[in-house]
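Accompanying notes for the structure given below.
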Amino acid sequence: MMIVRIFLWVALAPLLPGLINKVKAWVAGRRGPPVLQLYYDLIRLWQKGVVLSTLASPAFVVAPAVAWVAIACAAFLVPLGPAGAGLSFRGDVLLMVYLLALARFCTAWAALETGSAFEGMGAAREVSYAVLAEAAMFAAMLSLAVQTGSVSLVDMLSPAPGAGTALLAAGLFIVLLAENCRVPFDDPNTHLELTMIHEAMVLDHSGPPLAVILHGASMKLLLFAVLLTAAVLPLGSLPPLAAAAALAGGVLVVTLGVGLSESFLARFAFRHMPLLLTMAFLLCLFSLLVAWKGGAA
Amino acid sequence: MSGGLVFAAVCLLAAMAMAQRSTRASFALTLAGTLAGLVASLTILLGPDDWEWTGAFFLGGERVHLRLDGVSAIFLVLVCVIGGAGAAYAREYWSDSENPATAARGRVWWNALILSMGLVLMISNGLHFLMAWEAFALCGYFLITLDNRRPEVRKAGWLYLASSHVGTLALFAFFVMLATHTGTWNLGPVRDVPPPLFWLALFGFGMKAGFFPFHIWLPSAHANAPSHVSAIMSGVAIKMGVYGIVRFGGWLPVPANAGHVVIGLGAASAVLGIAFAMAQNDIKRLLAYCSVENIGVILIGLGGALVARTHGNAAWGQLALAGALLHVWNHGLFKSLLFFGAGSVLHATGTREMSRLGGLWRSMPWTAGFFALGAVAVSGLPPLNGFASEWLIYLGLFEAATTRSGFAWAALPSAILLAMAGALALAAFVKAGGMIFLGTPRTKPAAHAQESRAGMLAPMALLAAACAVIGVAPGLVWPAIARAAGSWNPAWAVARTPFSTLGPAGFALAILAAVAGFWLWKKSRANGLRRDLTWDCGYRNPTSRMQYTSGSFAGISAGWFFWAFAPERKFRRPRGPFPSGSLRLERVSETVLERLIVPAGAIITRLSHAALGLQHGRLQAYILYLVAGLAALGIFVFLEGKP
Amino acid sequence: MISTLNLLIGLAMGLNLVALGSSRLPSLIRTVSTQGIALGLMPLILEGSNLDWRIILIAGATVAGKGFVIPGLLRRAMRSANIEREIQPFIGLMPSLLLGAGGTIAAIALASALPLLPEHAGSLLVPGALASVLTGFILLIGRAKAISQVCGYLILENGIYLFGLLLIKATPLLVEAGVLLDLTVGVFVLGIIIDRIQRAFDSLDTRKLTTLHE
Amino acid sequence: MNALIMIPLAGAVLAALWPDNRTRPWFLPVVGFLHTALCFLLLVAPPPVSPEAWIGFDPLAAAVLPAVSLLFFVCGVYAVPYLRIRQERPNRVFVAALLAVLGLLSAGHQARHLGILWIATEAVTLAAVPLLHFNNTPRAFEATWKYLLVGGTGIALSLLGSFCLGYSSLHGGGEGDLTFVALTAQGAGLSRPWVLAAWVLLLVGYGTKMGLAPMHTWKPDAYGEAAGIVGAILAGGVTSVAFTAILRIRSVVNAAGESQVADHTLLAIGLFSMAAAALFLLGTRDFKRMLAYSSIEHMGILSIAASLGPLGVWAALFHVWSNSLTKGTLFLSAGNIRRAAGSPSLDDVRGMAHVVPRSAAIFVAGMFAITACPPFGPFFSELKVLGAAIKTGHGLAAAGFLACLLFAFFGLTRVVFAVVDGRPRPAAKAGGKLFRETFGVISPPLVLLILSLWLGLFTPAILQDTWTAAVAQLFPNP
């Protein structure tokens, strides 16, 4: 069972970026890269050698691995609909959020290893915007907790659809875009380093470490997609198979949503990003207040 | 039990006596004393009953009365651990060879500080508490100003002394009122005193705890003190203020809204403290401000506990309290570790300015490693101890939220603010670690740094180990914490550990991370690992000046807290086709101090100079004053005596 | 006899104003000594009916001390410092005169607020005393020369002595002894200090005595 | 008639006749020792005092005089090495006057008669004059002149006040018995307007000797220019005579039923003095004048305490002790530093911890002691004052008291650490060479410091009982 779960996460994660790119290509009327493109990249990178900056310490290579482990563990805590979570206990939601934070710490640390201006810039942006994203994330989790009266993801993520669900969905979706450095926060496939966050941080990585980073990123994207879906859909009240299907469908919809937003939105100017994140935070906050009041009533 | 404590006291006194004659003997005695104290406090924490001792003799007309219960023991453990580790660190860091004038004096005051803090924790008589409290404050002053030939040290020391005295006088009033109401100087749970008395205690102890806005003295004092002193001041001494608040929050009847106020103060000082930390360029100032944040974290937990206790001992209150108490330990450990690290850097390079450091991991790998570990811990990331305690506090707040009871509303904003503080802490310490240890050296001293000797590394290793152990096996310390929580509020005496799953999870995470990291390193080596210049978008000649600086790293978040920083800016734009010089200076001001306290002080100073103007030496005027006084008193008495 | 007493007191009060108005030190000193003699005679008048050795002793001592010894000392100091007149006092002569007049009126008003024993009723002792005290203060505050300040102090003491007369019957010698001791020793010391200062600063202008200040 | 007065006066005469300048100083410790021994003997075995006695070792005298005597003894011990350093000055007058001051102080403390009290205080004032210009510098003369004229005016006013009190008794039908016992007995019989007038005049008069603001102006000059011993004895002895005088008179005013007026005036003038002193302390740049301002502050504390009823007066008597002893430490150690530094001004003194380490350490310790840092005497006494204020419901007064303490602390620490810390000036280093910290000049201030510590930690029961008795004497029917 556990093996299956791990396989699901590890194996399916790289699909999402592929799908997103396909969607973008369709919208743009191109054929675009194959859906499995990322798999090919990962395999190739895994066999390549590594070019290491003269300034970098071994931590430069180790950090991506730790980050990947952190994300994997976080994913392990996220319940997959009827299958439940790999590990569930009181307060696991906090562990999940902080595992993602650990991953962020590692990537940012690694970015500063090389002493490159661009990577420092990227790291600064990553950790700074995370402050607002974190606030939004906690507001969302709190509203789920208040709504379901529980602090364990398994129960929190099968809520009865409440008044605040729509707000919550919108908020979480923006957080997803921000945390995974998608448009309008970041453009994964630009090549103008000045404008990048995540890509700027990994400029100097190559070979297996880069592969690990890319895979970790895709897994994080999947994690958020699952989280968003499960937070919105009342999976708990559906029969197992239907729930599984609903979950899969939800993830697919989120992916398409990301793809569409990337094709129709342009990257924002950096000074607008805090506004957008604040909006996400407010959305989550309102859903929290709705949940709180709803409980009182 | 009593024997152990007496032994500890005797050892510390002997260490003070030996400080001049023999460094080694003095150190051995300090170590023995702290160990004895540690054992004693641990036996209290792991045993069911408290230790109490009533002396046969009187001081100042009051019988000497000591008590060591769960709450005191928690703090005493910290005192002993950091006291011992710091003494070890100081042997190298502040050695007789480098500071012949002050090393011995430092040892004397160090032991005096440990002793007085221990007494503060154990004394249960108001009069003697004040005595120990002042002794502790003065020891702190003399430690901070060890190197009092440097004017900035003197300034910082005076600021510390002055603000500490403000708190002390508030405590004078507090204890006298307490004694007047209860009719005795003995301390203990009391029922029939007016709740507002708690505010006085909160203020008096708050000045020492240094949470916003009473932190004015903290950054400069902790930045300018010798690093081992900064470590104990920041890791332990400010906890004495916390102890006072915990202690009397538990003993006094508190006002209905006390908990909410404490949570508010905590949240404010958590966010603002870490925001200021993020904006600092001086590593020790950064650490000092980070202490402000962590005190805020502790207060949030404590406030939650107060709210819960005033509303029928809600169970979640116990989690919050336990979190706060555990965070007292954790902050003590990793903050001392970080200050030791900063001290090593300062010792090796002679500067605290992060913009003058960089790339030190190459020359100081061990220091870099320990500092990185401390950074992970202070950012509250799993699997280290910082996460364990913050997790407890979060859990308490979340469970409070799930109750949806009206008085628990404060849990929502405080949880969110705590999260923001956590994220900012992460940013601040990525910046600190990166600027100091990563990239290329920015100056010559940084390039030619030397790794510290084992004498300084060993204490850091000890603290790092402690952080890791509490992180991966928080279950080990739970009984102690639960015991303390129980003695704070008997209603919370029994509790089963919430760490049953978290602990193993953390452990697994640690193992997995290690394995994965090792494996990836091996894999990369196997694939062939080539060293080359940083790929700076093709630029082939990167220099240290092209690195991202600490200022620019903090730029984004500094922009958000512009209103709080009120930075002083100097900005000369590059002009013309061939711009000559251009610069952009930005200094974050000590807002509360420079915008509030200093102006007020200036007004008072002007007043005093006006008054001195009256003492101008002309006798005729002096007699005129006398006559004026006579007339004034006459009129006063005339009006008074009329009825 | 009250009337004769009041005559003398009135004389003393007049002398206060003269002291305030005189700019030359010799005349100031002369005024003070005259006032001293007048005060010295008062006990005799007050106790005219039953004179005993005590009263006579006091009167004699007072006349000698206030009338001759002290003025003599002051003259010596003045000569050694060879200063003649009070130049640019802090409070000008005219203002001090007006102040003195106002003070006298105020003294009378104030005195009426204080109850007196029947045998003192109608005597000017209290207003006279207060007026002299006020005059003394004005001189102490208003004059720059050390010697004029001493004169002010003497007039202050005279006022107090005047007041002491109220108690002369009831209270033992002590109090008066106190007055004399105070005056003699006081002025003796003042004399010493004055010529020490004279030697140290070679001037008796207290404007020079302001080195000690913040 | 009264050995406590006679021994020192006889000593003074002998010293005046003594031919040898080098051995004369030994009179001070010897007489001081005899006096102290006698004092404490009487303290242990109080002699009977007949109510109509004019001079007597009554509880109030017993509650204060031993402190003065002790201070004088220690200062006398210090005087021997000090006067050896000052060989160049003839010390005949100095020693004699110092002993005379002791005798007259004893008289003033034991005076139970309005007139005697006044004469004694007056005599002390005059006897102190030669002490002030011992240094024989123009600055010293100026200080003396101001001391004499301001003090003389004050003393004149107190005489006027005594007359008023006497007249109030006459007017109330008394037959001129001016012992405090008689006056108190007359009580409500005293004529009210005269009593009030007397209270104002006497408060200002004796307040001038005590050094309450705004009558304090002579203090900084006198203390700043006088030798350390003289400062100590003026601050610890003369002020306490004036204070006991005010206490005695106050008991009469209480008996006359005007206790409320008395309390309010004392509280007002006390708070004003503390505030003024705090302001001066914040600004002064001279560490000997600083001591004067600190003394003004503590006089303010005393008068506040005196306004707080029996509890307060008890605390006040306690504070008289702790203040005298601690002030002694400060004056003597400051004297050492002044000698070594060659100047009392912050503009040319710093880093003395490196020049005269022991004196500097004692100075710092004494500073913490005088600013009510535990565990020294002033901490306990001022805590008692605070307690009295809170018990009697003077919350605002207590707040003002604490605020003044705070600012005084700022001022004192500012000055003291400026003197002690930092790098010494080369000139000062040379001065340090000239001035050697011998046992003789270090032990007296140290002893006083230890006494202050002992007083706080283990306040002897006998003293506490004496203070209680004195309070009972002042408040016959509480």
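Going in written order, the chains are labelled A, B, C and D, and every chain counts its residues from 1.
To be clear about the criterion, a contact is a pair of C-beta atoms (placed from the backbone, for glycine too) under 8 Å apart; a residue touches a chain by one contact, two chains touch by 3 or more.
Please read all numbers here as calculations on a predicted model, not as lab measurements.
Trainee: Just list the two chains that share the greatest number of C-beta contact pairs.
Mentor: A-B
Trainee: Based only on mean CA positions, could you tell me how far chain A sits from chain D in angstrom?
Mentor: 78
Trainee: Approximately how many whole Å separate the CA-defined centres of chain A and chain B?
Mentor: So the centroids are 35 Å from each other.
Trainee: Just give me the whole-number Å value for how far the CA centre of chain C lies from that of chain D.
Mentor: 31
Trainee: How many Å are there between the centre of chain B and the centre of chain C, using C-alpha atoms for each centre?
Mentor: Chain centres of chain B and chain C, defined by C-alpha means, are spaced 69 Å apart.
Trainee: Could you say which residues in chain C touch two or more other chains, in rising order?
Mentor: 140, 149, 206, 209, 211-212, 214, in rising order.
Trainee: Can you list the residues of chain D that touch 2 or more other chains?
Mentor: 145-146, 149, 153, 220-221, 280, 283-284
Trainee: What parts of chain B, by residue number, touch at least two of the other chains?
Mentor: Residue numbers touching two or more other chains: 612, 615, 617, 619, 623.
Trainee: Each pair of chains that touch: what are they?
Mentor: Pairs of chains that touch one another: A-B, B-C, B-D, C-D.
Trainee: Which bits of chain C are touching chain D when the two form their complex?
Mentor: It comes out as residues 113-117, 133, 140, 146, 149, 153, 156-157, 159-160, 163-164, 166-167, 169-172, 174-175, 177-179, 181-182, 185-186, 189-190, 193, 196-197, 200-201, 206, 209, 211-212, 214.
Trainee: List the residues on chain D that touch chain C in their complex, please.
Mentor: Answer in residue numbers: 113, 115-116, 118-119, 122-123, 126, 129, 133, 138-139, 141-146, 148-149, 152-153, 155-156, 159-160, 162-163, 166-167, 170-171, 175-176, 178, 191, 193-194, 197, 220-221, 224-225, 280, 283-286, 289.
Trainee: Note which residues of chain D are touching chain B in the complex, please.
Mentor: 145-146, 149-150, 153-154, 157, 192, 196, 199-201, 203-204, 207-208, 213-215, 217-218, 220-221, 258, 260-261, 264-265, 268-269, 276, 279-284, 368, 372-375, 379-380, 383, 386-387, 390-391, 398-399, 402, 405-407, 409-411, 413-414, 417, 421-423, 456-459
Trainee: Which residues of chain B touch chain C in their complex?
Mentor: That would be residues 612-613, 615-621, 623-624, 627 of chain B.
Trainee: Sort out for me which residues of chain C touch chain B in the complex.
Mentor: Per the stated touch rule, the residues are 90, 137, 140-144, 149, 206-207, 209-214.
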